[in-house]
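Everything below concerns the one structure shown next.
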Amino acid sequence: MSSHIASAANGMAVEPIRVVYHFDEAASAAKGLRNIRNHLNADPTTHIVVVANGGGIDFMLVDQLDPSGEPYELAILDLQQRGVKFVACNNTLLGRGIAPERLVQDVSIVQAGVEEVGRLQFRLGYAYIKP
Amino acid sequence: MSSHIASAANGMAVEPIRVVYHFDEAASAAKGLRNIRNHLNADPTTHIVVVANGGGIDFMLVDQLDPSGEPYELAILDLQQRGVKFVACNNTLLGRGIAPERLVQDVSIVQAGVEEVGRLQFRLGYAYIKP
Amino acid sequence: MSSHIASAANGMAVEPIRVVYHFDEAASAAKGLRNIRNHLNADPTTHIVVVANGGGIDFMLVDQLDPSGEPYELAILDLQQRGVKFVACNNTLLGRGIAPERLVQDVSIVQAGVEEVGRLQFRLGYAYIKP
């Protein structure tokens, strides 16, 4: 991470923080989305990618409701407006027989969610948060 | 992480390892504190910061007991003596109506716990552990 | 992570991605192993280390069965053939009175699993995934 520190010390523009949120169970989705809203409120420049696999993708499907009865889709669209990217695991879609058309708009798909989580950290220096 | 490796190879003092522990549920607090004691026993030079949000802050409140009936405060004070920093999420305090005075001494407060977890990793190279 | 990006940009061989999987509860072992198979199918060059502590080591003991009734040992041996390393926490072995001989072959032992998880990230740049 030395390059980030160096650029700040040199007075150059500070690179925005990058964070990957790993969602892998349905029960943690509402908590994770609340975490992300708080995260962006504290630092609106943060680049956030949500990678979901297993039960973690449920909230990305249209017509799903959060524990308060609100559509998750509204929360996703709102966070997309704030720059958050949402990524679903294709192994999960295939394994659970979920048609990609059921995903909320602009949710992208990768072959394996965990591989994307590793790649974002290792190649692009993303921090990791598991809600 | 190349700078850390390089400094070791050059024979300079090796930088102590930095780790952020992310506590976000009450049920994992006793496990997490045991993890940290084992961590410091294996490498006493490790710099550890515990960032708690959601149910993860419960153990940081005075008068809370662990599953064995021991006050969590004693465990916190002991670990603070060994250099561990404890940080609570202000969004959690506000959202749950918890007065900051209820926190054990020397627990610091940040606006958003998750933002601090991302910042410590991305800006300062901390490793991440979720108990 | 700047060194990895630079080497790719210079046309040098791209360094394989390194990821540590942290297993700390018995209930997540089958999910974690499935994650790792998907991970390697998406990128067979990935260097993966599984570090287990607490209940996370149960699947590493001989004669343990997964929820489908298959021996975990077969899954471990298969993944070892694909380059995955398995590491158990000695504090857990001692605390739970488990003889090291009960571990599946070629599972190595470290003093504290969490210390190894921190070390792999901080010193060697491993990404982190908690199944």
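In this document, chain identifiers A, B and C correspond to the written order of the chains, with residue numbering beginning at 1 in each.
Please note the rule applied: a contact is a pair of C-beta atoms (placed from the backbone, for glycine too) under 8 Å apart; a residue touches a chain by one contact, two chains touch by 3 or more.
The shown structure was predicted, so the numbers you read here are calculated from the model rather than taken from an experiment.
J.: What kind of graph do the touching chains make: line, ring, star, complete, other?
T.: Shape = complete; every chain linked to every other.
J.: Hey, what angle do you get rotating chain A onto chain C on C-alpha, to the nearest 5 degrees?
T.: 120
J.: List the centre-to-centre spacing of chain A and chain B in whole Å, with centres computed as mean CA coordinates.
T.: 24
J.: Give the residues of chain A that touch two or more other chains, as numbers and ranges in rising order.
T.: Residue numbers touching two or more other chains: 1-2, 125, 128, 130.
J.: Show which residues of chain C lie in contact with chain B when the two form their complex.
T.: 1-3, 22, 24, 53-54, 89, 91, 110-115, 117-119, 121-125, 128, 130
J.: Given the complex with chain A, which residues does chain C contribute to the contact?
T.: 1-2, 4-5, 8, 17-19, 31, 35-36, 38-39, 41-43, 46, 125-131
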